[in-house]
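Both complexes shown next keep subunit A, but they swap its partner, so subunit B is in the first and subunit C is in the second.
This part shows the complex of A and B:
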């Protein structure tokens, strides 16, 4: 396994394999046509029709110029309104008083975020990111104007982390929109957004967000180091990045999590976590995480104290049901029949009389059917989706009972287990529980309740031993750190003053001193 | 590394596969819900009757098999219970298990025999045996009792026994008699076991609770009656107490076990009518035992709450303080007289007590040895016992006053 990991992480980073690295680092020449020709070659013109060139004459300097952009990456309306029209409308200047390239950039173009560039590599980088490059005849520098206009969808409602009460914004695929969603929640000038580039062949920018006054400096450095160590040709989404920066890719326990809710990301930022955003990923990656991050939902804090805690108690029960009930059922009916009331025992024994399989096989049969149904339910096209689902599972279960394949009580057991599994809020936790359930089943099959107890002890020992970016998985409960005890239950908001010290935040208290201390 | 891996693997396999032998599917087991023990015809043999629940009757719709009986009854003659369990396997296809055995019925004949102590003592060796299993002594052989018992309401036998055994809490007709308490009291002190019978010999009594199982005037229904108790001393049955005496022996204990019980008394104001009341006890009885003097002195104060249930004389107790006092006094006196009679009977015939008073007496000694030397049961037989009932009227029933029939016309 370690060999595989080594191969996974080694690569030959010394050699610069980046596609941009292959672009010649040559400066522009003074001849406009040469420059354009070179760029056209780089973009494989005319085979590749992606590079658009618009020739024009700039009256103010009375020279010809060319406006280059990539179709699909740049916003053509913006180029028309803010680049071409001002350039054409500029008044001819007096002799000897013609504006320089900087002058054109600052005083004629009406687009913000323009820079002058001097070499081809930079020009290509700007172009593929949606910028417009203006080449002027006789100039060794060009203007790159920010006209990025990638298609994006509008901010929609969350689909995975749904709340009844609370904000209903979800991240979208555009990183700028996502940042604005976070900034809207967190109006703090110390919210830092650093950019780290990952991927060699087609680099993507990853934004590292953290609160400078709260987040542990060592943690931020740790996250950035890991991002820099990533060595892949292309990383398209945060989900792929997640696997590359986490400590234990083979472990069932996640060490990062994603959220699609800006409010959730902001509340993690306020506790000193680091949030990663990436273009094309409609979610935010949070590091480090603890068990509590997986167990809590955004709504726990939106609902009133009693309601939120009630939901948490139910979720805790659901967690245990989803993890242990099939195993407990198996243990009871094969090892410890004295534990259940005689009526129930006789009912199970009666229905099992005509079932041809041993209990373990019977359980696995139904459990696997349920898992397949769940998988099918996720993949099925929406118009068909209504026909599948838990109802389908139950009907199938009913038919299986009538065919004497499984006993009816088992359908109840599997149904309640599946239902409880759906109550778990985080996809990582949910899948982990689904897999662990099979482990517990085997343990129960081998040793009954003793097996379950042993497996649970081993699970707890492992979970208590692992760390995510240096933060123990069950902290601040174990190992104990001072915190506001927002663990299984949450205290009222007024008492949630202390940030979990397991995160080593720079400021312990949440409350700002009277009169807004600032930095 | 690989060598250690092998050893580790074998170790883990031994650890994890060790449990496989214990695994048994439910449908491969026969769940015994009641056993009956009787004296065999020959030597030290006993007859063991297993009542095995049929999971295909009245359990779940999917399993229903209407033509089968709800339980299979098998009687095996063997030297002891565990041998019988093994021997029964010769005719039963499924493995017999006692894990849901909660009722043990013992024929009176065996209970009175020397053999009984050994039989029941060795039964506990089986780890499947439940210590909370209830022990019932039946007047006739347990085999006949089990065969005769066909309750209409509870088709499944375990349900019948569970309900019947729960009844004592509300009536006090039978004591709480599980195996656990039996094993605690196998010496000179008396252990009371529930007494039951399926043979009816009806008698009619003035008092409503002085019957012994079988004597209750009952016309139809299930023939089994459970009232009164069998007295066991040194692991052998030595006599019986009727329903009333059983109730007193429960009332005189320090801790209350009965939730409530109904009893009837002659109305002190109009002797020809009887008054039915419900007693309940919320406080513990006060037991003071003076072991320094000889004979020992035992003072027991039993606090009781009384609710008037039916009032045949139609006397208005509600508004008349004098009548209330008279009623309380008469009930207290009657209870005290009855309990004095019971204690006299116990002192003379059995020289032991079933009230767990020994626990109170034991407190007067520093060491267990001193207490044992004192010989509590011998001392009890001679002791002066003074019993006091303190009765408080809790309510006069749902309708506070009896109807006044005479005044209707006016």
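This part shows the complex of A and C:
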């Protein structure tokens, strides 16, 4: 047992609750000192100075009591103001009319959440979760008051999903804060927040959020079943959970996604998706998703119709460029040179003349360099970041051209491909495209445009066939369903009345817009 | 849980499947057969053929609704197990042989028009055993969804192609308007109506389509849209290359894409059309492989017919390698078309008659 507690307080929180099984669930004794001693032993007092004990005398019952809490987990100000002060200030009661433990809990303490507990295991569990335990002499029950005060950072701006226009809240690591951010957006009494615990050894709570009147019951059950089936000792973050509940862990296509924006999570909820939240994860997991969830951004709906759709058109072009342009370049210069206007063709031939490598090798060389540059760029300390960018893009490209390693046109091709890749909003989509690009390169090298076409057909068939929690990837475009038609383009907000039927929401119609059109 | 995982396909997807099966015929050597028969009036033949098949289709639709079963179920009920199985086998032979003959045709086009140094076998293998097998392997739902994703693009690019060559067309070339003569036209249209025989054949998928209405709508649109597209393109070929020169062009579609210009800069866009065309081809053969396996599975009573797709794809490649050149394949293809035309035209009539007899016998 002591091993467990040692590990517990040496900072390995993954194991925290696994120790609980070893804590005896003996009931409290009536002697206050025995109870305190037992708890002190459990927390390895005095080696471990984490358990704080404050002794006091409660005037109303004229008995001694001890207030116990864990330094760092509980909020000491709150304990001062809402537990110790009210206890000390309580008026002495008449003989035979002293308040019971419940009476103290209900009528003297001024914390909002408190319960009575009766055994040591529960006491330990409460203490490590930041509660304060009040033991009273001569009582076999104790009071556990909710005074959790873990350090959290304050709500900040999103870092990945940045918008120019629109709300700028982002999720933080505390699940309560995240829930409040969502509730602030969605003031609906039917927004359900269920708790499912995952992990065998050290269970963590996962909050399953959905709108009861909209989300498909079967879908919610499916997600919860998946969560319950997770067979793993400890799950620390949503990212790990994401991989455990998805259907195709080896596939390039994601079947869930995360967002750090409460407004985005709320709009997913409104369309009947399920949102998962977990402590320590500064994002929300959305399930199920479709291609459109990956392709859209929050800002598309915030901007006016024309501006939002313009951005989407650009993104669509970027998607195709990022996926196909290096392959198309290779196909054109090796199989279909007639496509290039003659002047340009001569220019390309002139620059390629001095490059000793075949085009495929040249492309792979630069492509891999670019990928390394990107990977390095993530990890370079910020002050160096810009320097690396300049070194990479300018010096390396320039030098490679001058050294006749690559042709100048290729630098342009790779640069525009890389740039387009950055335009893709979701990290899953973006990485997927980066990997698929190499596949298309090989296909183009083997059979030119025919190779690209066949690879594309197979890719499309795969993408169209997969489902995320039973929802086809391209629905409601294909298979076709009545929907708000918020697909490649979005209609004006007034016309987005239907919810996507592929999610089989219970209420398929959004509220009718009020007033006549164009007023 | 989710409505789509019922494994059924909707009207739009079914239409897209039919379009991918039939409309692509305009790009292989089908136009040559039609131009030989119809001369300057070849454009009318697809419409006449479709009209010929429209009758049997209209006979078949109420039967399907009445028995609420696919074509194979109908065959089983109305003709009995043995005869039904024989007819199923005949249908299998018809579409499977057309799969392998046509795939050879596509490989010939690629090696003739684009990649003159690539071997036919390589193209056949990557097309049939690669992409098409994979598409068929993903199942009917995936085929339908993929088709629905690409068919709008095909429709759009077809229009773009016609616009791209519009300036070079001479409308006077389609005269004399009756071509080889009205009687000849009608006769040959009937003989070549197997081009749309697929519309009867896909009734085997009846049980996989969501509703009867969806099936009916998709079948009617799926018959006429490809027919109109073929008619337009045949007219464009004649207006572009003139009769009789058009008869000497082996692959008019691919010559047409060479002539197409999008603006003054992009005057060689045939590689783009090649890519689009090959996506369509992969899908086309994917559907055919799936249907072949489906039929063969019924004939030999093998429930997991998906396992038959790979051996069938391999066989199609081997069979496709048999003709020495594409002209030889063409003769076989003509024979096949004439035989299967009869079958597809008469099958619904036969079923309808049997149904009438049954009714009488019951009374």
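Heads up, the rule we're going with is that the second predicted complex is superposed on the first by the 485 of 519 C-alpha atoms of A that agree within 3 Å, B and C clash if a C-alpha of one lies under 4 Å from a C-alpha of the other, contacts with A are read in each partner's own complex, and residues count from 1 in each chain.
We take it that contacts are C-beta pairs under 8 Å (C-beta built on N, C-alpha and C of every residue); 3 or more make two chains touch, one makes a residue touch a chain.
Everything numeric here is computed off the predicted structure, so don't read it as measured data.
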item	value
Partner chain(s) touched by A:448 [first = subunit B, second = subunit C, both, neither]	both
Greater subunit A contact set [subunit C / subunit B]	C
Contacts of A:475 with subunit B and subunit C, given as first, second, both or neither	second
First (subunit B), second (subunit C), both or neither touched by A:457	second
First, second, both or neither for A:465, with subunit B first and subunit C second	second
Partner chain(s) touched by A:408 [first = subunit B, second = subunit C, both, neither]	first
Partner chain(s) touched by A:352 [first = subunit B, second = subunit C, both, neither]	first
Subunit B versus subunit C as contact partner of A:218, first or second or both or neither	second
First, second, both or neither for A:343, with subunit B first and subunit C second	first
First (subunit B), second (subunit C), both or neither touched by A:92	neither
Residues of subunit A at both interfaces, subunit B in one complex, subunit C in the other	335, 338, 446-448, 450-451
In the complex with subunit C, residue positions of subunit A that touch it	216, 218-219, 221-222, 331-332, 335-336, 338-339, 341, 446-458, 460-462, 464-465, 467, 469-472, 474-475, 477-481, 501-504
Contact footprint of subunit B on subunit A as seen in their complex	333-335, 337-338, 342-343, 345-355, 358-359, 401, 407-408, 445-448, 450-451
Subunit C to subunit A touching residues, read off their complex	1-5, 9-10, 12-13, 110, 114-115, 118, 122-123, 126-127, 130-131, 134-135, 138-139, 141-146, 148-150, 265, 268-269, 271-272, 274-279, 282-283, 286
Touching residues on subunit B, where the partner in the complex is subunit A	16-20, 22-27, 29, 31, 33, 53, 55-56, 59-60, 62-63, 97, 99-100, 102, 128, 130, 156, 158-159, 162
